[in-house]
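Sharing a structure below in structure tokens format, with a few things to ask.
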Amino acid sequence: MDFQLLDNLRQANPVVLNISNFVTVQDVANGLSALGASPIMSEEIAETEDMIQISQAVQLNFGAFTKEQVAHIQKMGQLANQYHLPVVIDPVAVSSVAYRHRIIPQLLQEFHADIIRGNTGEIAALGGFEWQAKGIDSGEGQGNRVAIAQKTAQKYHCVVIMSGAIDIITDGKAVTKVHNGNSLLQVHVGSGDMLSSISAAFAAISSQNLYEAAQMATLVMGLSGELAANAQPNIGPGTFTACLLDKLAQIQVSDLTQSAKFEIEAV
Amino acid sequence: MDFQLLDNLRQANPVVLNISNFVTVQDVANGLSALGASPIMSEEIAETEDMIQISQAVQLNFGAFTKEQVAHIQKMGQLANQYHLPVVIDPVAVSSVAYRHRIIPQLLQEFHADIIRGNTGEIAALGGFEWQAKGIDSGEGQGNRVAIAQKTAQKYHCVVIMSGAIDIITDGKAVTKVHNGNSLLQVHVGSGDMLSSISAAFAAISSQNLYEAAQMATLVMGLSGELAANAQPNIGPGTFTACLLDKLAQIQVSDLTQSAKFEIEAV
Amino acid sequence: MDFQLLDNLRQANPVVLNISNFVTVQDVANGLSALGASPIMSEEIAETEDMIQISQAVQLNFGAFTKEQVAHIQKMGQLANQYHLPVVIDPVAVSSVAYRHRIIPQLLQEFHADIIRGNTGEIAALGGFEWQAKGIDSGEGQGNRVAIAQKTAQKYHCVVIMSGAIDIITDGKAVTKVHNGNSLLQVHVGSGDMLSSISAAFAAISSQNLYEAAQMATLVMGLSGELAANAQPNIGPGTFTACLLDKLAQIQVSDLTQSAKFEIEAV
């Protein structure tokens, strides 16, 4: 894994353009800014192309999914493809809300997503696998998570980040498992959306190797969460969120060298 | 009061569907998640019925009140009635903004609200009482708060939670007064909206006794606020908000047994 | 500088009506509330006049800039002028997004802005000056910041607050430079928007002297940020945000007397 990408990101300070959902948008913007990227958010389709032209990567979150937002997501995805910017998507609740299960696969035929980031249930739903889901959470179903992630990546010709107690990153063949993390990341509602946008930030500075970008985003987020959870004894989810932003700003390559826990399965 | 509902809630992890206002939505989602419920938020009317089908309770916040949102609120309220899900409403600023004073009573004829949660001014305005209000705050007018809460509950055939220095819960006859709380709950803008959504979470697991659900939601929120305010010396509203989420996650039945301060007036 | 305005603000508890962007709206509301003002936010044009009638100042943020919001901004600006309420605008990204560069100057012909608050790039763009900008940040271009601020204030017949490492306040002639602040204010995404709304709160209680209102808003925000950054050793941007809200609530005239660092250049 190329730990040096963390320093590269901070040096480049890439502009990451987001369609964010209104639940977590503040966290997403602050997470990007804390890490060392420049967030920009849009709600108006008429300014999309102007924003694409000043950005280095695009993150599309399907968490608030009005018809206007779906149209906006489609246009931004297409323009990002046209301008050769990496595109990260976060298919929120595709596994649990029937409406999204109908719309999202259609939407993904209109542009190419370079990285798909979701929980096990969401990735399984996109891949066409059965998986028990509940609400917006990933569910407790059974199945081979690695195989599901790989096949979904193959289906969409992209990199998949499957979040969970162990995070799985795959380009359809090679697989990385990241063990860093903390259960408070699941309690804090914005963690997944933050990881999606951070994946776009790494993609901006590693556009030739999106698998490495996805590896690093997942590791940096997981280890930042782990360090945040240890910042105070008996920490709760509110203080954790503040500490998570602190750690995203403070984490260094040396922390990765010292504390990263991951496995890479060669193809 | 049935303190055991707190453990029941955490065991059931109910899905609470929200129409939230954009000011406080992040707090509301994180408050539900911290307490042990599963939040889901919607902005698209076309996915409402699919979301109702995976939810156990509905919370409708009138804080951001576009015409699209009003239509969405109406549909979600009607579907929740049809699917027999408990409905909590939060009539933000009905007391101070003439437009809302016109629209909200009409809206409440379109579906049945099981619990109405507001400050004194808002409850008074719905009940048809005079009460001095200022901005979105509850105002300093005079009047018998208990009588106003009771008559408003009778008018709408529902449970009323009237927030204030002392919180009042009534089903139109029986009255509970909760004394736990802290003035920082008023400074933090999302506290009331959080209580409304937490009321829906308790309603989800106590749908046969919504008065008990409302009692417990108010007590848990008030005591969590009290414990949060004591978490640090000289605490301010920003640190308080983080600690409030911590306490919502950490509060136990034993804390209620030890520190709950409330009066129940038998009918 | 009239430090006493801080106590006046807390005594008056002015209602500040905002069109806020969805990225930072929660911070803006909590910042106003922490300081001692009453925030009210709107998304529905039909309730604008009713809200104007209960408010003492208006803040218009151009951060999320849908066509509906632009129409709403225009109407609220015009009504505020008609009702003689002070108007503060925040021209987010006018310097970097071509679409906004086209729309915003037209919009500012439809109503009068009393205070314009932006970073160097945004103020320069409104004034018609060349300035290098990147993303939504202020850019690193060259130029005489004081002269740009003065000429922009003259062009729009208003007070300008130009945020930066040193903040500049000018009515087109007199100039104040505020040195209090901390670099974490730039990392926290909502700081600028918060300052804009706090400027409206001070304008509400100093409507006869908006230059003094702008001075005090900038100083109070800068010193609160400085005190927040010193609240903990090795503080990061997440904990800083919580502490910033704490300090906005806790800052006193005596803190200003003791720690304010500013220069006033007589005309």
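For reference, chains read A, B and C in written order, and residue numbers begin at 1 within each chain.
Throughout what follows, a residue touches a chain if its C-beta (ideal position, glycine included) is under 8 Å from a C-beta of that chain, and two chains touch if they have at least 3 such contacts.
Per UniProt, the chains are A, B, C = Hydroxyethylthiazole kinase.
Remember, it's a predicted structure, so these values are computed and weren't measured experimentally.
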| item | value |
| --- | --- |
| Required minimum of steps from chain A to chain C, each step between chains that touch | 1 |
| Same or different residue numbers at the chain B/chain C copy interface, by half rule | different |
| Geometric centre distance via CA averages, chain C-chain B, whole Å | 33 |
| Junction residues of chain B - those touching two or more other chains | 22, 26, 241-242 |
| Residues of chain A touching chain B in the complex | 21-24, 26-27, 63-67, 69, 93, 96-100, 134-137, 187-190, 234-239, 241-242 |
| Contact set on chain A toward chain C in their complex | 13, 15, 20, 22, 25-26, 29-30, 33-34, 38-44, 46-47, 50-51, 53-55, 241-250 |
